[in-house]
Amino acid sequence: MNLPENIIKNLRNKTPLVHCITNYVTVNDCANSLLSIGGSPIMADDEAEVEEIISICDALVINIGTLNQRTIKSMLKAGKKANELGKKVVLDPVGVGASSLRTNTAMELLANIKFNAVRGNISEIKTLAIGAGATHGVDASAADAINKNNLVNTVELAQSLAKKTGAVIAITGAIDVVANEEKSRQIYNGHPMMSKITGTGCMCSAILGAFLAASEDGFAATTAAIASMGLSGEKAWQKVEAEGLGTGSLRTYLINELSLMTDEKLLAYAKIKA
Amino acid sequence: MNLPENIIKNLRNKTPLVHCITNYVTVNDCANSLLSIGGSPIMADDEAEVEEIISICDALVINIGTLNQRTIKSMLKAGKKANELGKKVVLDPVGVGASSLRTNTAMELLANIKFNAVRGNISEIKTLAIGAGATHGVDASAADAINKNNLVNTVELAQSLAKKTGAVIAITGAIDVVANEEKSRQIYNGHPMMSKITGTGCMCSAILGAFLAASEDGFAATTAAIASMGLSGEKAWQKVEAEGLGTGSLRTYLINELSLMTDEKLLAYAKIKA
Amino acid sequence: MNLPENIIKNLRNKTPLVHCITNYVTVNDCANSLLSIGGSPIMADDEAEVEEIISICDALVINIGTLNQRTIKSMLKAGKKANELGKKVVLDPVGVGASSLRTNTAMELLANIKFNAVRGNISEIKTLAIGAGATHGVDASAADAINKNNLVNTVELAQSLAKKTGAVIAITGAIDVVANEEKSRQIYNGHPMMSKITGTGCMCSAILGAFLAASEDGFAATTAAIASMGLSGEKAWQKVEAEGLGTGSLRTYLINELSLMTDEKLLAYAKIKA
């Protein structure tokens, strides 16, 4: 697949303002990854201000990583307003399936808000698509891991959720899958060590908000966001390994690579297959 | 302007304990920057404990970056107690102007608490001073950016807010302005890349609390705090660039430079003009 | 003392899932340190989900660093459920003694939950053991600092709290003390610069949850966890100093060292005395 030629450049030119209602574990990484790729973050989760905040923003990213009663209301309010105003909306259903609170909330969000994209690991997307996924907390269950044998099923799963929601679905893992109702792509970038730092999924969803806000084509924007994160992680790990460093540096270098990303690099090194 | 000769040394000797009621995006950076410059942080935001916490501390920093109904009450309670006990108090009005919640809360805080210093970007300070600033979320609006042409107006703006509040006002941006009713300084340190990481403003306000607590002269303390942050950012970026790294490393190196700051460096490299 | 030979290897093989109800200052470091040592973190603090979350986890770590009314209930609920299900439970009484809210909550937690281990600085443990410790916010008071002269008293203090609670007690500082009712160890790893970054205590408690979940012997697990953190901090600082870096890099390198920790290193360099 050919990605649009200037997707990174356009993003940096537009500097989309992305409203995040997100968890407190990886919120700093989400803000810094948004800045590194060329967006501008604003985190705001009080019911009293989310409608005003989304009104001045270009996209909304809802992440249920540390869900609580107070912010569920804010998510619903912000999401509905975003829909009303035609802003792009992303759902990151962190840990859905691990508790009824997360599962019920994710379902309520899907029922009330039209999402442009949903990004999760295979266990999370399974839970949303068919109501049952294995779960290992916020990580994908090993039983669910994407490989060449179950790739066809994984694409079907993504497409069934795309059909149900109208969103572009991104499943990230050893192989990433991006799908809408009509088409799908697999992305072979990334490195297994990315799962040894927290937040690679959350950051991916955050920058996805910026990519969607800066592009007309939601499918291409999602593919480019996922590939940018995978490529950055893979390059970051190469450097970490070459220097004999560890996972603390991987986190830092991943954001470095996002900040150094260009269309030239992305087009040259993204491994995307139809 | 000559900064006091031992301001960093005094700070490190006193190890002021700084109570922060702050946002969850940059809270870790605030804690680490406070430690790096020689202070000691304690983050506490429950209404039930803020009065006791400020009582054992030397300064209070109120930051409205991720404001919510619960912590507004804590801010008011802590601020009033700080005033009663003669502790230094700093306001960082993050994103004021972006929502009524932020604007109303900032105004309520200013009406009820006497601040020793207020630090914000130009859009935020405009909102506080004249009730209207452009806003690009938590970043200054490009329309408001400080440059040589509007510098006189910017100083006047800062001084009008200084007069209204009795606080030293710091406006940070391409050029930083520090002003009280009688005098003003411009600081030419820093680097544009500092805006590509989250938290440089929040960290600046956090260490400002420590500088104020360790000094008799609030104007000099504020000037030194702002110059220390600018100088650290500028030195950090030089190293990041020389090593071909990116914004992830900029965040790390900025805290490195704060931890390596000395009076000698500050006096030698701070670019402060009256 | 001989540590078990494969304690790190076993931990990495089991990948214990650790439920943390923790503060928002160091939560990201807790998650990344858990991943770096071989565990898997899940942060969840809403009353409505904590019982379900602990049910799928191997250990619970309760940290009162930014306590609030909402999460106190969640802590109690999660802790009781963990006890019921036989999951390992750790308490990190951050800043206990600095406010009645913290002191009363810690006492309530100890009265209602059986902890396998409690880790704190000397001021915090003193407060829990005898109801009165000096306090310098979240840091140990200088008046309380552990040294060779008060080491016997410190061990007695730890053992009295061990007797009262049934938990293994770990006091971390210049010298670390680990004690249960019958025996005690002192650990001479670590470096004073570790106190210049936030979160070394919190991270230590987080990985302690993983060590406990992966081992039959709670005393050995606690000793190994404390020694791993001290050794990682000491090695991290050596590299930071050799490269002329500062405390920003210390934080990163500390997590690097945890991720590079092996049984061989731990057995070779841990300085543990009976």
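Lettered A, B and C in written order, each chain numbered from 1.
The rule is short, and it goes like this: a residue touches a chain if its C-beta (ideal position, glycine included) is under 8 Å from a C-beta of that chain, and two chains touch if they have at least 3 such contacts.
Small disclaimer: the values here were computed from a predicted structure and weren't measured.
Trainee: Same or different, please, for the subunit B to subunit C contact, judged on whether over half of the interface numbers appear on both copies.
Mentor: On the two sides of the subunit C and subunit B interface, the residue numbers are mostly different, under half being shared.
Trainee: After a C-alpha superposition of subunit A on subunit C, what does the rotation angle come to, in degrees rounded to the nearest 5?
Mentor: 120
Trainee: Hey, how far is the Cα centre of subunit B from the one of subunit C, in Å?
Mentor: Here subunit B and subunit C have centroids separated by 32 Å.
Trainee: Find every residue in subunit B that makes contact with two or more other chains and list them.
Mentor: Expected reply: 24, 28, 251-252.
Trainee: Which residues of subunit B touch subunit C in the complex?
Mentor: Those in contact with subunit C are residues 17, 24, 27-28, 31-32, 35-36, 40-46, 48-49, 52-53, 56-57, 70, 251-260.
Trainee: Can you name the residues of subunit C that touch subunit B in the complex?
Mentor: 23-26, 28-29, 65-69, 95, 98-102, 135-139, 196-199, 245-249, 251-252
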